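This report concerns only the one structure given below.
Order as written gives the chain letters A, B and C; numbering starts at 1 within each chain.
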Amino acid sequence: MDIQQLAARLRSEIGEANVLTDRAQLRTYECDGLAVHKVMPAIVTLPATTEHVQAVVRACVETNVPYVARGSGTGLSGGALPHADGVLIVTSKLRSILELDADNERAVLQPGVVNLDITRAAAPYGYYFAPDPSSQQICSIGGNVAENSGGAHCLKYGFTTNHVTGVQLVSPTGELVPLGGKAPDPPGYDLLGAFVGSEGTLGIATEVTVRLMRAPESVRTLLAAFASTDDAGAAVSSIIGAGVIPAAIEMMDALAIEAAEAAVQCNYPQGAGAVLIVELDGPASEVEAQFEQVEQHCAAARAAEIRIAADDAERALFWKGRKSAFAAVGRISPDYIVQDGVIPRTALPQVLRRMGELAAKHGIRVANVFHAGDGNLHPLVLFDDAVTGEAERAEELSGAILDLCIEYGGSITGEHGVGMDKAKHMPRMYTDDDLDTMQLLRCAFDPDHLSNPGKIFPTPRLCGEVPGRHKGAHPLQEQGLAEVF
Amino acid sequence: MTGAAVLDDLGKVVDDRVRPAGDEDAIEGVRPSYCATPSSTEETAELLRVAAQHSLHVVARGAGTKQHWGKPPLRVDLVVDLTGVAGVVEHAAGDLITIVRAGTAVTDLQATLAENDQQLALDARFAAATVGGTVATNTSGPRRVLYGTLRDLLIGITFVRADGVVAKAGGRVVKNVAGYDFAKLLTGSYGTLGVITEVALRCHPLPRTRRVASIEVPDGEVAADLARRVLCSQIVPSAVEVTQPATGPASVGVLLEGVEAGVGARAEVARELLGVTSQIGDLPGSFDSYPFGPGDVGLKISTTLSGVGPVLKSARGVGDRHGVPVSVGGSAAGVLYAGMPADSDPAVVERVLAELRAIAGAYDGTVVVLTAPAATRRALDMWGPIRGLDLMRRLKDQLDPEHRLSPGRFVGGI
Amino acid sequence: MPATPAFDDHRPPSLELVEDCVHCGFCLPTCPTYSLWGEEMDSPRGRIYLMETGLAGEPMTDTMVQHFDACLGCMACVTACPSGVQYDKLIEATRAQVERRHTRTVDERLLRAAIFALFPYPRRLRLVRGPLRLYQRSGLERALRRTGILNRTPRLAALESLAPKLGRNVQIPERIRAAGRKRATVGMLLGCVQREFFPNVNVATARILQAEGCEVVVPKGQGCCGALSVHNGREPEAQRFARAMIDSFDRADVEYVVVNAAGCGSSMKEYAELLAGEPAYAERAKTFAGRVRDISEILVELGPVAPRHPLPMVAAYHDACHLAHAQGVRSQPRQLLAGIPGLEVREIADPMICCGSAGIYNVLYPEPARELGDRKAAAVLATGAELLITANPGCLMQVASSIQRQGGSIAMAHTTEVLDASIRGVALVRSPKRRRLVDHVRAISKPGAISKLRAISKRGRQLRRRDGDPEQARRASHIRRSA
């Protein structure tokens, strides 16, 4: 099917203003937050209604054209990387809060609603939306659903999947399917649970029903500076070991602190080898008691300085540095790769040490920002593309770090998703049988392999085939719908 | 293939841990032919490969506490008894996770975790239930309010497909988005997608103190209203239960957990919210059990928060009108259980079910018949209307194309 | 690529600056055009991307230019960016390239020519004053608005709706002695639109400086600072204005150059970059730029000495983009207002988002400007304040016109007018020609407006003039009504 014909059809179905084919415009959509991978889509659509989304998907299905959904384009795994011969379906015009039902602690949202805007809308009722990725001021709830986004507070409150109770989606075969709703425990298979985190491969959400949390009575935040990440790690272990589950424990090392300081002047303690942000929330009496414990544990772990946020403004400042860390790293290095590995928390000190050794061996600097509470690391591998060989060494080091995470029983991605960036690493974590089984789910939803093809799985599976090795080029490779790593 | 040949092949996998099935192995009146007891994931896989070879219909069984839940299987040839695949593989207390085999009794798991002051924050309703069975039926209790259910506690799973292939998903770290969340798909799947052999679960510290505030009130609506106030307050209760027996007053029970100083203060607030006649005391019996016993009609009702009151009112009303005692008890979070005696007229049960479905539906909820006597089952649509059923069928077709795993037990004839 | 690359070698947008962008998207929620349209190409991230593709060889197509043109230049993205991307420099360089190398449509060219033949020339603006005043007072304005003819030509309608109510003109002396001990000698910019349409703001500014111990020098013959020109890519014109401005003030020998219009101040602080390529002016421009202060900056820097008298009112403060984002001046105006006893200052929701004025943006692109203006007006009205304080004539006109469109009513003042009233111990006053005002409102506003005005009177927040001189009152009315 001719792209021009498809574009014309889409224009007539969803409106001229919502279909882009101008080259300059298409190019602005060729990457998401992971700018190192760029692919220009053939057509960009910006549906303004659920019917539009359905019309676009149906048109793609009928013409056998692959499509990729995109929210705010802030993802860090290339999940919204377009397909060169495909249609990009952007949800940024679907940004209404359809319903805010504080009585039932629910909100119903279009997929383009910005994460933070949900909390803003719920705040007057004393509620908030718990998953808080660092990009929450711009990332969309649809994107959060696709990636099962986490954030600093997921140690205590869980991820997007624990806060989504319903989704209406356009399936890859073009049907409008409701899953779940406002009430808990819908009977049948938990397709909703499988859909969240499926990275756009099982369809496009057109409505998301989320659970709102009651704002805590009290929030106390502490910033502690340590001489080294070892000490900070020890503090984390002893806090958790004492049975305290903070709402968040975040750690940054010296390089990350330097970047954050340059960007937002957060005024973290000078010369700290590591900084810990610990936040407790809940009923005031509980928080008070536990906060004292946390202070003691930090002191016992040889904290060089402990600061306690006196008010909301100071608390916001503590967090500002942490939340800007990724983007701020651009100030101390021309290029960088951000990783998203997970390790068991108890392995933190050893892993950090091993990472330091690996970094030294490769001659590459690594800044560390992470959710210390759940072992989710974000090593920022810093390099200068202009220097010969540095980019390659950085890639190598990134891979080595992931291997390290797997070695310790962790995961290759804690919250950014696999996308296309980590598809090649999936076999480090899962066997062929595991990956094959997962793809059976995909086949159930997307038999034609048109919904965000080429993401998550290194080797695509033809639906209806018997599992086993393929000889020669895979049919989907021949169709140009997938690559094998 | 003759029965003897099949037995033989099964025996090659598990030696003498296979036998012809007896009456005690019947599932809701459906009699299997064989019963095998593997001792590992590998043996389970082998068994299923043999089963696939011989096109056997398979049902997995743990402690058998919920065999009477769901619809009766259309057919069973082989019962795979998972109680041999048991034991806590690992309890990484510092990481707050545990890896445990499916056949382990939940109580045994709790005992092991308690050695390090931790728990699986899931309420056991059946004393002997296994971890695998709990996952397969997605049972939960009052403390879902704070801790969630298996959806929120299960972080990794190993299972055997109908064709005997072993697959795993998730891992041993809480934070993990690599690949699809099969753990969620298998949770509550009634054994129709695969046989679970091992799971990874997140643990919580055992609370230092607990306190229960409760109050007796004239009716379910008052109870629901008070319960909701507590649920939506800032005292962070672990559980808020409403109980409405077939006749008589209703009650609200609030469980608070935490450190001594905190729990005391919060319990006071709970009492203020509940009212002057509220008391601090022990956990009421309803915390640990369903309002229905073996052989009774048991329903699971889900609804939004604001639907709890109307559901309670409707249950009392329909019970009164049709002369059948309907007891209801459950969480103010919108998951209630209802029970009717075993000897209730099936036609009446059907009417009660219809009314409850209507009221729950008005609040975006559902009613599922968990269990009922045989004659009653036949008169009922046990699962009710299912959103996304078509996709569910397609998933089943992909994972078990021959429909040999627990056939007919689940939604939409799956 | 066969076509000509978008940018040539004369001051293109810097690749180095472009590469500072890590594509994080934090700028998107603060961008007015992204908030309106939700499309990547009309976001800072998207525009930077277009620049990057242009630098890599993509041609300067109509589409590309369209997206650059649609940028308001509000710099909210600069404030929001965690990587420190200097988008202001990038868009300025880009606009200059567009102006030089891209041919616009005839209509567009004519409109821009007309605007730039008028706005940067105070004398020409003065010529327009007379007829405009007549238009407003004669009833012609009322009649024309009733016919709705203007709605068919949005740009004319925009211009028409933006025009403020004019009072009599005022001359400011060239040298004003300090009151009490002299603490500094400062130059003062008169501006163009400010000078001709809001002369009272200049009067108030001069009075405050005097009261705070400054000798004020107002060079005669000073022209336009070139802000509109530089913000719209008219580089040679901007440089010409900048050189003339530097000449005017260098002659005056002052320690600071005080500016009361946000757009002007931000431009003048960037003269060093604008004239970096001119050996005769490069150093002088640097020195000059280092002397430029917004009125709120200099007052806070010097520290207040003149006592403040109470102004018991509820006000909302609107951050002009070129003051808050481009100059980073946010706390100083608030500090000054906080120093006025009895004045409650409320914050406006979504303060980062531009009101849509953006220089001449609201004349060139009335539709998006109107939408943004409406949003800002709603946010302002939602504060419940009776007075809106802002630091830019453009914002004032834009928000006034939007509030009027919504049938709302709120008094408006420049920061200096409020401060001036407090220092002089006078109340802020409504123009004595109340009846005419009411008639005017009835003619063009929605039905509720009249009762709103009367309700304000009833609540006793009627603003009375206590100074004796009615002639002065007419000349220097402190409040612009939105009607």
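Basically, contacts are C-beta pairs under 8 Å (C-beta built on N, C-alpha and C of every residue); 3 or more make two chains touch, one makes a residue touch a chain.
Note that this is a predicted model, so its numbers are computed, not measured.
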item	value
Fewest hops from chain B to chain C - one hop per pair of touching chains	2
Most remote chain, CA-based centroid, reference being chain A	C
Gap in Å, rounded to a whole number, between the CA centres of chain C and chain B	65
Centre-of-Cα separation between chain C and chain A, whole angstrom	40
Separation of mean Cα positions, chain B and chain A [Å, integer]	31
Sites on chain A touched by chain B in the complex	101, 103-106, 147-148, 150, 154, 158-159, 161-162, 171, 175, 177-194, 196-198, 214-217, 237, 240-241, 243, 245, 282-286, 288-290, 342-346, 371, 374-376, 409-418, 422, 426, 429-431, 433-438, 440-445, 456, 463, 467
Residues of chain B that touch chain A when the two form their complex	92-97, 117, 138, 144, 148-149, 151-152, 161, 165-169, 171-182, 184-185, 187-189, 193, 204-206, 208, 232-236, 258-259, 261-262, 264-266, 300, 302-307, 333-335, 360, 363-366, 368, 383-384, 386-392, 394-395, 397-399, 410-412
Chain C residues touching chain A - in the complex, by the definition given at the top	19-26, 28-29, 38-41, 46, 49-50, 53, 58, 61, 63-64, 67, 81-84
Interface residues, chain A side, partner chain C - complex	22-25, 27-29, 31-35, 46, 72-74, 90, 92-93, 95, 112, 114, 135, 137-139, 262-264, 324, 326-331, 334
